[in-house]
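Both of the next two complexes hold chain A, though its partner changes from chain B to chain C.
So, the complex of A and B:
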């Protein structure tokens, strides 16, 4: 492992230990809080719904309160004002909020797309009033990262389970936009990860999308070892996975997710329209340099510095 | 209250009805530094990697044919089952300087210093990749890895799943069937089991080794293989691999001389069992213990009819004392020039012949054989230690016991015990530089000890370009036959009986002097590797200068068994390899070798192509179609080796049936530039083999589910 990679990962470990979380396993070196936009409106009817007071949650809340000083912080199980806009921090809070009766909008943050959809599917009328900023990296950014690492378009396989199948259209759009040929394998009932890996063994890159049907703690080791033996690069989906042996991922800091949330709330205040659920817009990149070297990839600063930060054009 | 994101996801479980969210999983480090391979830019030598994908797209159906994809690899097929393969050629008669490993188990049988290429204990369908280190690698793999090492890696049980089936039919009676099933045994064991049958009729025409007449249509072979591999995770830190291979093969062979009245067909059996235990101490340390046993049996019998005097013990005694005397007697000449004892034995032999009168010249028939068995037991402990970001050490010790049993070749059983130790270090003082240094020490009972060191410097000029300088010494230890041959033919069921006995020894015999030393090689290489990912292009080029000395170059026969260490060869030249992989489905593989062979014996030039090249291009279409064209060419050489040219075209189309099944019909056409090919058999003796038609076809159907 190269010294730079070690420093990166150790920095991450300290942060994780301090935070007790991973904020979806995606945090890295602590980022400075982004300056608040002057135009941010301070809403009285904004509720930050949380399900715990853990350190990571406190970190999220601290940053959100900086952005929305007059927002109320509430236990997700406590009913909020019927018309309040609720920011549900994490899936437990989201589930509790969606179980309530209310008219206000709900914005989910720090919940993966798979879990968000599973909760929303079973929610009642309020589902149409909800949107999300997913916890996992944007597939489009990940595909662009694949292109930067390989320095050319390469066939990239992605495995989608039943709960992530809805991502296929957006993946195909991202594939067209990045000119990365995409091979979509659907993980169905009776499939095994070994069979899927066998069927995708000729793709140089695997874009891993978090889906508990496809990837779980029992098979991630198999996935990483088998793809490595095949000479395939795994891109995604968390820093923990990169540390374990995936090639790289994009990830977002708490402040970056919150900055996007702030923009979403401001836009909603401006036009009254709630956008579709979206992937994190701001991100940075983590690369396992040792794996890259072993796979004969030439990593340059363009890939290492691949990021989009608040305020960046 | 508590937690953080981990609880975010845990809270969703019951609701979502799913397992934990992978985003929340903390994964322990899987690809530890000990598991990571060196990048091509850091490897102390030139390497060709033939992947399963390349085998498919270029329609390669056997390991020896796959080696044609390796620049500089000289592949000569003498008969259906007899390949002579050397990296950079040299001695076609004794291609003993190339090591072959299958998942760490050596297929190089050191008792008889040969590799049964046509009956390797691995199915081509089970191969994940073949890594060929082009150049000496004794420093890592020990003696016999002198010219190159062929490292065959089979598919991990985790990388295969469900059932697979292949049936193939083609020209010259080609019939193949392969079936595989992979699955799980309990929660911690994955397995893969496969069985294969293959048969074909080989060449239409094969020249006999001995008397150069041709034998049409006696070159068929049938081979059955069974392979098992399982991987068990005993603990997160301990993994055990078990592999079992069973092979039997019936190989037709033409008669080697006019006295063989039946074909000396070969029946071969091999069984290998290996167990590998890998223990991860930490991310930076790993132990690996591999133990294996390999048993090989070769049965090759025939009926021979010779004049009865050939069985006279008096003639046998004279042969042992002075073979030239026997040759003179048989030629009707007066033997002379020997010792008084030789003269006395000659008188006894002549007397014995005269006493039998006409009966001495009566044709006498009986059964003879070249049967032998070999058994190898090997255990090796290897320790990988990543000391720091810049220093990585691989060291180990091993013990091997070889036993060879053959009444014909050895007069019984001969064993050899070998002890070995090795250490290799990769040191990166700077990010742009890596130094590989190491050595291998081996000591065996028959020959003694040898040390094979290597020093290599790889300097990255920039992100894309690396140059390397490699100096190494390599050895080949003489095999059991070369050192301990006690070669004689006991003919049984002799009719009519000789000396009232139904069995008799053929007069010609050979005994090894046992004074050979290891063959030596000093190799110098200046190499370049270019990695241009933006073009999907990887280039490897090198200039090499290999000095081989103390070579055992003689063709060892019963008639002439005089091995020495007198051979010398100097191989110099340049080699280029390029691989292209584009996203639009195009891929390519190119190789070229320019070779100069200067040797003090023509035997070391019996396999020699001054120029050889290969070219492969393939296209994968989104519709499931795939086409691959490969072209192989090697120049002729003075002395009888013909040029070799072949063009293969393979077209396939994959259909998905349902969500999991794939059906792939494959059609391959192979065209030989020259229908007949010749190879040097001995000084001034040529073998000519060939097909009646220069074009051959094969069609396969592959199904996986």
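So, the complex of A and C:
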């Protein structure tokens, strides 16, 4: 295939993606909105920026349209109103929104903390107008889940790479709050994950924080095998990782992230202050019972039902 | 020629064999062919299966080692990998050597069997892949990140090394030999067992066939009261049922036939009795006719004897007186004529008298009454023999001929008279033997008459029966006797007559 043909194909794909986004917005607008809480206010200057028309993204947009019926769904690369608040769904949308000049606030959702920070660091002046609800689970909730699984405070090892080193303070705070001893290992250039794991082999639990420099799809199998042979429980960062062999995780569904986003937007409308980036507040728990059995862990209903849902106190 | 031999061989080998033999052959021949095919396949396929086993074994081993090498090559934990490979080489005596290489072809692990094995079983390789888990590490920035129940990503692979497994052929050959031996043993057990079972089944099928055949033999022998116990189903059951029905039908048909035969026999006996009755009546009628003829002859003879002969004697006496008177008178011409006339009358009357006596003798053989049958026959033969040119007659009488009298004596006399008359008239014989024999030994009581001449004889097929022979047969028939004629051209003639001397026959019915 010639270079010109490839360019033509890429242009065509972008055009199709934009058309898909517009159609998705029209479809969402046509859907009958469900009744909303009385405190929810609709905003005329709210834009939902998306960069793809995948099934998950459509699900996100549908739920957001239900929560913000008058919000505009827009291709992330299309210019939005300068004062509009933009909800950036995913990294591509966030990068595109942050590249535009505007005065509106930006809320990132469904983007991991490591990717969010890598984008924000290059965003220039507008970085102060952005905040995020990270995609990965809250370390504090994960540490509490570890305590529930072991039914006692256990040493928990965390490997932080360059992209997630900023999380260490919050991890220490969570450790203190949950009284779970934390062993932080920094992953530097030239380090081997197996070497680091062998150093932390005395820790009964490994809290996996998503950092592609430390954990990636190529070495996750080896990590899981090594920790299994060491008798260590890995608390992962997604349901997919639990199905691949991790012990457990807390995770958030689209509706739970969007509920937290709705609260954030409402708070901002109420007090005009944009909060700091935060981990998902609402979550639920998934446990791999086979792995728990292999590690001789008796899982109780408290751990299985560990969750925090919207409206729950 | 070849076809005829083939047909003969086929007929000998198949068509003339029993059902059980055929059934056994039908069961055994396919079995033997199958066993032969199995044997041929076994021997021919053995090398191929050995190679196939080696290939499958090698490929599976290489794939298994490659699968287990991912962690070692990825994590650098080669000691653990070597331990696994070594245990595998020790446990599997097919393996000559296993080597694990990295993506650059550098040998990382090599374990060789300590036993004396040969590396002639082939080399089997498998690539070692590092398979990426279909898990989002949240490091990519081209798509939203979800922690929940999202669609999984596709698994990706990367080659990170290679495994080489070198096998020894010895174990595969040993395995094949064991397989061949076990299958040969199985055939050695299965084939005789199957033959035995086939024979049993053939006998089981033959038993009702044998019953059916025995029943058919009984039916063929006339025993139609055959009833078989039918405890078989299918065609055999139908066959036995059919035999039962057939025997019942035949038995009924036999009874009907016997009834008809009995009825027909009664009819035939009645007809026979009627015929016998008619035959007796016919004989009586013939005897009556013969008796009437004899009576008439006797009456005519008496008339001739009493009337004609007396008149002839009177005429001759008168003629003699005329001669005497002429002799006493003077000789004149008239007296000479008278004397010649008288002498002529005497001569004619003498001849007539003689002829009349012959006629009387033939019409009424009174000699029977005076001399009996033997004397009458002898007198008759002398009379015939006296004729000019007559043959020489010899009478042979044996037994108590004197007891033969009455109608039977007359019939015997007439029969011999007819025979002798025929001989004199036609045979041109020189010698004639007449036999009269009475046999009286218990139940064998009969009068045997035989007239044998050495004349010209005749062809019975060419010569039409004359009145004389027909009369003889009727006369024999009337006395329930038999007449046999033996003759031929130039062979003379032999007439043999047998007349029963039963008490009733010895004295014929009163006429």
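Just so we're on the same page, the second predicted complex is superposed on the first by the 277 of 313 C-alpha atoms of A that agree within 3 Å, B and C clash if a C-alpha of one lies under 4 Å from a C-alpha of the other, contacts with A are read in each partner's own complex, and residues count from 1 in each chain.
Here, contacts are C-beta pairs under 8 Å (C-beta built on N, C-alpha and C of every residue); 3 or more make two chains touch, one makes a residue touch a chain.
If you're wondering where the values come from, they're calculated on a predicted model, not measured in any experiment.
Colleague: Determine, for the superposed arrangement built on chain A, whether chain B and chain C clash or fit.
Modeller: Clash.
Colleague: Report for A:127: first if it touches chain B alone, second if chain C alone, otherwise both or neither.
Modeller: neither
Colleague: Which chain makes contact with more of the residues of chain A, chain B or else chain C?
Modeller: Larger number of chain A residues touched: B.
Colleague: Quick check on the superposed pair: does A:309 touch chain B, chain C, both, or neither? Answer first, second, both or neither.
Modeller: neither
Colleague: Quick check for you: in the superposed arrangement, does A:298 touch first (chain B), second (chain C), both or neither?
Modeller: first
Colleague: I'd like to know which partner A:155 touches here: chain B for first, chain C for second, both or neither.
Modeller: In the superposed model, A:155 contacts chain B only, not chain C.
Colleague: Once the shared chain is lined up, is A:91 touching chain B (first), chain C (second), both, or neither of them?
Modeller: Touch status of A:91: both partners.
Colleague: Kindly classify A:251 by the partners it touches after superposition: chain B alone (first), chain C alone (second), both, or neither?
Modeller: Only chain C is touched by A:251; chain B is not.
Colleague: Output check: A:66 vs chain B and chain C. Expected answer is one of first, second, both, neither. What do you get?
Modeller: After superposition on chain A, A:66 lies in contact with neither partner.
Colleague: So in the superposed three-chain picture, is A:216 touching just chain B, just chain C, both, or none of them (first/second/both/neither)?
Modeller: both
Colleague: Between 1-9, 217-225, 415-423 or 451-459, work out which stretch of chain B sticks into chain C after superposition.
Modeller: None of the options clash except 1-9.
Colleague: In the superposed view, which residues of chain A touch chain B and also chain C?
Modeller: Looking at chain A, the two contact sets intersect at 52, 54-57, 89-92, 95, 110-112, 114-115, 118-119, 135-136, 163, 192, 194, 210-213, 215-217, 220-222, 224-226, 237-238, 240-241, 243-244.
Colleague: Across the complex, what residues on chain C touch chain A?
Modeller: Interface residues on the chain C side: 70-71, 74-77, 130-153, 156, 158.
Colleague: Under the stated contact criterion, what part of chain A meets chain C in this complex?
Modeller: The touching residues are 52, 54-57, 60, 89-92, 95, 110-112, 114-115, 118-119, 135-137, 163, 192, 194, 210-213, 215-222, 224-226, 237-241, 243-244, 249, 251-254, 280.
Colleague: For chain B, which residues count as touching chain A in their complex?
Modeller: Residue list for chain B touching chain A: 1-12, 15-31, 33, 35-42, 51-53, 128, 156, 158-162, 182, 190, 389, 431, 463-464, 531, 533-536, 538, 581-584, 620, 622, 659-660, 662, 704.
Colleague: Within the complex, which stretch of chain A touches chain B?
Modeller: My answer: residues 1-3, 6, 19-26, 51-57, 89-95, 110-112, 114-115, 118-119, 122, 135-136, 150-155, 163, 180-181, 186, 188, 190-192, 194-195, 197-199, 201-202, 204, 210-217, 220-222, 224-226, 228-231, 237-238, 240-241, 243-245, 288, 290-291, 293-298, 300.
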